[in-house]
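Chain nomenclature is as follows: A, B, C, D and E, assigned in order of appearance, with residue numbering initiated at 1 for each chain independently.
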Amino acid sequence: MVRRLAIPIGKEQGATLVVWLVALGITAVFLWLLSNVIWQGGQAVNGTFLTQAPAKAGLEGGIAPILVSTGLVLGVCMGVSLPLGLGTAVFLSEFNPQRSHRVIRLSLDILAGVPSIVFGLFGNAFFSKVLDLGFSILSGGLTLACMVLPILIRSIQVGLVNVPREYRQAAAALGLSRLGTLKTLILPAALPGIAVGVLLGIGRAIAETAALIFTSGYVDRMPTSLLDSGRVLSIHIFDLAMNIPGGEQNAYGTALVLVILLILINTLVSWLAERFRQSKLQIL
Amino acid sequence: MTSPTLSPPSLTADHHQPPSVRVEQLSLRYGRKVAFANVDAQFRAGQITALIGPSGCGKTSFLSCLNRLHELTPKAQLFGQVYLNDCDTATIPLTPLRRQVGMLFQKPNPFPLSIYRNLAFPLKEHGICDRTHIHHIIETTLTDVGLWTEVKDRLKAPALSLSGGQQQRLCLARALALKPQVLLMDEPCSALDPLSSEVIEDLIVRLKGTYTILVVTHNLGQASRIADDVAFFWVQHDVGQLIEFGSAQEIFTHPQDPLTAAYVSGRRG
Amino acid sequence: MTSPTLSPPSLTADHHQPPSVRVEQLSLRYGRKVAFANVDAQFRAGQITALIGPSGCGKTSFLSCLNRLHELTPKAQLFGQVYLNDCDTATIPLTPLRRQVGMLFQKPNPFPLSIYRNLAFPLKEHGICDRTHIHHIIETTLTDVGLWTEVKDRLKAPALSLSGGQQQRLCLARALALKPQVLLMDEPCSALDPLSSEVIEDLIVRLKGTYTILVVTHNLGQASRIADDVAFFWVQHDVGQLIEFGSAQEIFTHPQDPLTAAYVSGRRG
Amino acid sequence: MSRFKSEAIWRILLQILALCSGAILLLVLGFLIWETLPILRTISLNQFWRDPGWHPSEQAYNLTPMVMGTLGVTIGAVLVATPLGLLSAVFCQYYAPAGVSQLYRRLIELLAGIPSVVYGLWGLVVLVPLIAKVQPPGSSLLAGILILALMILPTIALVTDASLASLPSSYWRGSAALGVGTWATIQGVCLPAIRSGILTAVMLATARALGETMAVLMVCGNVVQVPDSIFAPVRTLTANIALEMAYALDLHRSALFASGLVLMLVVTGLVVVTDPWTDSPEG
Amino acid sequence: SSLQASSSDNAPQKLVITGSSTIAPVASEIAKRYEAQNPQVRIDVQTGGSSRGIADVRQQVADIGMVSRAAKPEDQGLNFHTIAKDGVVVIVHRDNPIQRLTRQQITDIYTDKLNNWQDAGGKSQAITVVNKAEGRSTLEVFTKHFQLKSSQIKADVVIGDNEQGIKTVAGNPLAIGYVSVGAAKVNVEQGTPIKVLPLEGIQATAQTVRDGSFPLSRPLNLVTQGPLNPQQQKFIDFAQSSQVKDIVQEQSLVPVQE
């Protein structure tokens, strides 16, 4: 026993051991977290969880209005940010003289890194108060739109930039118009990259909590218009976990629903990314 | 790997005498970096000129000024004039200029579309919309580059599924379809295996007379086989310079400049 | 771009006669795809053998079996034996095997470290830790490849800031620093301009005798200039085959096989 | 020549969209500054670190404890997550068998997408009681560091993994051909070669940790104090905004906007300072 | 404000009520009954603390605020409408052997002079002090009574809503906190593991809170700014009427109507 331990472990073997241990450790912790969510959440989620309104501050009933509010907030967010983001990204990469690119890129990087609570501050002051939208799905969605806009622009830009330079060069050498090149070559080639960017934006928006507390509020009833306050999934989790004694179970249930939604989005992202990679390989 | 059958060139029919290309005091800089400076030269109409010189001496940059492709690089600044016959290219709108001056790149770069659309798309963009007319042009040019028999049954297949040599010939056909008068080629064979390059080389020779052709090549053997004239570039003080310009005969056998002599004698291939 | 001054080879001093390389019934497959099959050959000790053949015939794959670099490709499966003199390489641990069999790649691939560390890092990994000793080896090998005068004042500069030819010489120096006995080179000049390739070619010739050298090349001119022996590969039934092996003289003037004859006569460069 | 007309129309349309985006983003910045002005006009900047504490009702606006809290959890989390994230990426690229590496990457990708409230929930229900067993109350700097480290680890691992994957295989082959071992190559060639990728990863992770609100709000205890031990509860700038924004009026509200602006400035500094060394897809 | 309900009767109308977490549960129940009687009205109730109620009403984000303390001089311009009475009680975990704490002991615990349960008659364990966040009336009522400044309090955990305080204490056997009587009693009935301590020897009951003998009692108010519109008037009248007495009592609060 002792002898065997005394055998000096070489640098290579030592490194292999450490790397495997780290990977196993991380896997264990993350599986712990995931199994916790799945196990606890699985007990809360049943047939009616998705179709009922919450009762007794969420201790009983389900999350139907919360799902609807989440969908509406997301819809407002993407409905506003997508056209703006797409248009801006296309303009910046295809039409703008590249001189200003560094400044724009830097500003977008900064804005993409700004804490979401800061957007929450802005949304509360501007949409809820100055524009008088109050606590409403509309002001929440618009706040999120501001938040995801830089992310969208940046990732769509990356998608466009990753289109091989040769296409543009070849098209230019043939004297083709920029619009024709854009429509026939660049956008189709960049489409998977753009889709990835859009889904990243959705993923970010659907998980957001801090920016929504002071904008869309947390009324847990079925919204009847975009001017109603609506509670999104993540706020419901937060509220159940923090403020409701005995709320953990349903918090986990809601978390499970949210995680499954995100997995669906994630799968879509990696599926598209994979197709993107393959199409790129084909080009090479 | 199979040697394609070549049909006789059919393009001569609708071509007049191509223009000569003349540059005066041409210089190009990328920001601070001067790619090449003060180049004066006249490239003879209907002849093949080979541009040779070590890596980084500005051959690619020089070519790109002739169809104003350098304008794609934001920080590139051009000085001096380029004339087609006696027409200053700066005064020609981009679209007709680039239609007149075709270009072939080092790496075959077909669009990620079908073989057919690779040729049809630029034609449509240039206002040729009649389907039978397009089809006719496609068949003629593909025949010219010896690709028609190889691809006529799979025109809808993606262009990227062709082999390297076939892709390069497709790119040549794409340029020829627009009926240019000048052809710029930047190391058109360097990415290809010896058999494919032979095919392209033969094609270039066959295009002589119909087009004014400028070819950049690293391969001195190739230059000596195909070129009428040779332009030799070299980097001096970090700036590309045209050191010597003359007939291929002259440059390869009696170079005037000692640099040229050293470079072409380094040729052993 | 400046022609480096070459010092006489200093490496001969601490070298014995290099080993011969012999392969027996060597085949390599990538999953289903057979790269080459049933190759038997003996590469003479201290001589230069050129491997020629069209693209995809398995030359690179063949080289990679000799230092077991194919093991980096997960699905690669090797059959047959490789011997250094009479020692089966499968029985030699990887580290000493690869130290004994150096390799130079088609594209110069210096590490993204300083020039100095590019050479010092592998030495340290092979247990040479004395700084003055390392410094001595670096100076000697850089001198051998004619790079010392060019870089001695900027050893701390990133290796990637060197020109292509300089990078390739650095990679050669990196391989030589480990004092290998066999050198494998995969198209060492194809990414370089004519002047840089001339320098490398001269170097290869100077290394003859001290190392057993195998060079893959597309350039038949180069093969005829430097090689003692030539191995000609060709793809038959989708599988790479060694078609003919013989002295350079023989292969280029009296090839036995009609395929070889067709290939070497296609040479025009 | 309708082709040129339609191109011009499109150009104008896109330009309008781009201007809108620009205007919106400027509006965000302008508004934050506008809302901050009142407090900057009334009190001197010194007071943000000289006042006896954070008691807006008593006109004391010392931000130091919150700044310390933010720095504490952020730096702690980055220090914990960086080595683990790097080794994770190395594991994926070079040590794990193909199938395992794919699975592991999926797991990490999945976790990168899990919302912070879920980490917070888990921290609150599982981690905090565990820490409380060692040293009550459990809600502490340590809990914040651990939860944040878990949250940013996937970011670091994925970005590093992508940089490693983009390394040309020629380095690896070159190194193998010299008989250099796996770990030696990783340590000597691969990691130095992706320095800028690692910096990008750490920068992204730091920005995320700095800006995280809900998870820290749930596990840190939210006491306004400069932490004296790793088990002490802390309040971060973000948590402070989330806790007090609802009712803050006048100067208090303005002070919260000021702390939002501080966060934004820190992120700006981080991006600008590291920009020359980070990877950008546009090169 | 566009949020202010329009006076036309058939158009859908909306009332936004925000503020005290003490009042929110009872206000939601009252709102539900009110909506049942007036189907065209929709009432949104959100918590966040009494100060939020005041802030939102002042900024016209909410139509009605909820404030769980009596009016103060700085509340000028606001109208307070009391709908119930409540107290503030000190709570500990159910397993904590402590049965009572003196005024001095509580002061000492909250100022960190006393930081082990042993010194208050319990086991030798550190005390986890749970304090309310600034902006909460419960905190103001508590500090005023014990003559503390909020800057003197040395807390281990800072909580917002009453429910969060109860949850924190229920989850930590070493904790001490203070919350609304109503919230505490409702939770005790539901079996949440907390214990309500008497204050200065007096138990918090409906009786002691109503007659003011319980030292920490306070009114629960709805707050408005400016003249009431019919909509606000109607709801406030309803909330003060005997129609909701049962709801108030159910929440363990004391109705204003006898």
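Assume contacts are C-beta pairs under 8 Å (C-beta built on N, C-alpha and C of every residue); 3 or more make two chains touch, one makes a residue touch a chain.
Note that the structure is predicted; figures quoted are calculated from it, not measured.
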Chains touching both chain A and chain C, listed by label: B, D
Pair of chains joined by more contacts [C-beta pairs], A-E or D-E: D-E
Most widely separated chain from chain C, with each centre as the mean of CA atoms: E
For chain C paired with chain E, centre-to-centre distance based on mean C-alpha positions, whole Å: 83
Whole-Å separation of chain centres (CA-atom averages), chain A against chain B: 47
Centroid spacing, where centroids are CA-atom means, of chain B and chain D in whole angstrom: 51
Residue list for chain E, restricted to those that touch at least two other chains: 160
Residues of chain B whose C-beta touches two or more other chains: 125
In chain D, residues with contacts to at least two other chains: 3, 181, 184, 246
Pairs of chains in contact (touch as defined earlier), listed by label: A-B, A-D, A-E, B-C, C-D, D-E
Partner chain E, residues of chain A touching it in the complex: 57, 128-129, 132, 134-135, 217-219, 221, 224, 227-229, 242-247
Parts of chain C lying in touch with chain B, wherever the complex brings them together: 1, 54-55, 163-164, 192-196, 198, 218-219, 221-222, 225, 266-269
Interface residues, chain C side, partner chain D - complex: 67, 69, 72, 74, 94-99, 102-103, 105, 107, 109-113, 121-122, 125-126, 171, 174-175, 178
Partner chain A, residues of chain E touching it in the complex: 1-3, 12, 14, 16, 21, 25, 42, 44-47, 59, 61, 160-161, 163-164, 166-167, 170, 187, 190, 192
Chain B-facing residues of chain A, complex: 97-99, 164, 166-177, 180, 184-185, 188-189, 279, 282-283
